[in-house]
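Across the two complexes that follow, chain A remains constant while its partner is chain B and subsequently chain C.
== the complex of A and B ==
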């Protein structure tokens, strides 16, 4: 069976839909007027710490934080 | 050799069909009649009369909403964003969504469709009011009972977009597209160009 309709350019370049959608949303947010821009960027801030486990022990955690350093 | 192919194929299909006939014509779980096992309920009541018999997942499922025989006069729109519900069960006359296949007008009684949205304007028409939003991307689910579920990652009223930043972004990404080397860079620059030109068109059109 031949592959169906041509894939979108971003999928051909190895990007997933979620990545594409998030890039689009970020670009739109960057083009907003104040104060909407500040609100939306503040809304999308994330803070998490992720650690993989091996041999029953957590390895070095990966910390991703957009919160300002206090 | 190939003359036998159709006979062999149909033989294997019918063998499979007869052995597991339940799987070939399986109804949706939301359309099956509720099958509460009365013998189980009775024996439960004997053992634990003060407790309600346990429920099964199918008892929590709502049955598929029926399609009205005549086309309703209004379209019910649910427009949601990840952080807010913009429109909830709002009855409108028409919605125009920016599908990847082009601007799609949705009227009550629209054929059931799942449409992927591209960056563009979504307009909600209610009588003489038209409300426009710029949608970054998302999906629209149009159901048979004239309910439209539109989900977008980011949707802003057109007044909130800054035209000068759009022009700046468009110039920046056009330049990035020209100078991109890897596939990924090209794709990102292309996305930038598309989104900014869509915003540009939305502001001027």
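== the complex of A and C ==
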């Protein structure tokens, strides 16, 4: 890969671009005025259950829920 | 043995009932038969009446499910079509390389959590398995990430050693980008890949859904391919602002591309699921209606036959009395 001299701070902290853009989107949502703010936060709720597998067996599922990733 | 004889007799009396397989109805005509005084076996009207009632209820339920699926479809369809614009610029920029040969492929299979939606889940699983066969080889590695309960159940049977992640309950809240991007992020963090192949049902119309594969490459592979030339080779002719390197931008782009493609794929799959459920429930209601018609005919015939038998008995009894006088 090319030189990593100009790695942005969030990449150096281990975040992916997706996480970064989600955080930014959340900040924008928090800046809205009242009825729109509640609506937009309501719209972007996250809920799913993820389970990793090892050797053909599922392990305990992790429920990722509620507020969108912050 | 008695049941076999009964079935033979039943077939003589009811030649028009052919057993049409509908999933919810499975109870055969039970052994409640009415043996008249002459030993004639006939199906009692009570049994037919019960069966008619249950078929009618099932018809109502499937009709209601069809309406629900139609309304949900209308809601999701607009969003799915709008989300197509999210990944089109990526394909214009980076090109589409479905036949790329990489060491580590990850197949992301999208399916539904609920059933009664026709054959869409099995087609997706078939395509995933075909991709596996295509991409497996001596140095090559294929892993599965499964979204949705239905595909998990099917794939568990024979490919369970290749599954690395399963995701369920995605449809609990209305689908939105935040959710899918968190999911994409999890997949990126947990699975190593050179190429991601997302298998989903693309929604063409209410009756047409085709299984499609969308390919997203990792940034390292994009760099390698850009050296080779072709669409990706033209990336160097773009000016990069902001002091980032090409590798940086490629990485951001690849992650964002994955997230956008996943979002569109999830929405299209949801549309296809609703469409498939609509048509499945529609044909189910139609079958139930036909079954109801045939049962009504049988019921009437049985009823008339029993009335005729009673009349004959009464009349012959009366005439016997007359003759005896």
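The rule is short, and it goes like this: the second predicted complex is superposed on the first by the 58 of 70 C-alpha atoms of A that agree within 3 Å, B and C clash if a C-alpha of one lies under 4 Å from a C-alpha of the other, contacts with A are read in each partner's own complex, and residues count from 1 in each chain.
Basically, contacts are C-beta pairs under 8 Å (C-beta built on N, C-alpha and C of every residue); 3 or more make two chains touch, one makes a residue touch a chain.
Keep in mind that this is a model prediction, so the values were computed, not measured.
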Consider chain A as the common anchor and indicate whether chain B and chain C clash or fit when overlaid.
fit
Look at A:55 in the shared chain and tell me whether it touches chain B only, chain C only, both, or neither; answer first, second, both or neither.
second
In the superposition, chain B vs chain C on chain A residues touched:
C
Touch test for A:46: chain B only (first), chain C only (second), both, or neither?
second
Once the shared chain is lined up, is A:16 touching chain B (first), chain C (second), both, or neither of them?
second
Going by the contact rule set out at the top, does A:36 touch chain B (first), chain C (second), both, or neither?
first
Which of the two partners, first being chain B and second being chain C, lies in contact with A:27: first, second, both, or neither?
first
Chain C versus chain B - closest C-alpha approach in the superposed model, Å
5
Where chain B and chain C land on the same part of chain A: residues 21-22, 25, 43
Could you list, by residue number, the parts of chain C that touch chain A in their complex?
160-161, 163-170, 172-174, 176-179, 181-186, 188-190, 219-220, 223, 243-248, 251-252, 255-256, 258-259
State the interface residues of chain A toward chain B in the complex, per the touch definition above.
9-10, 12-15, 20-25, 27-33, 36-37, 40, 43
Partner chain C, residues of chain A touching it in the complex:
1-3, 6-8, 11, 16-19, 21-22, 25, 43-53, 55-58, 61, 63-64, 68-69
Complex contact set, residues of chain B against chain A:
83, 119, 134, 136-138, 153-154, 156, 160-162, 165-166, 169, 183-184, 186-188, 190-192, 195-196, 199
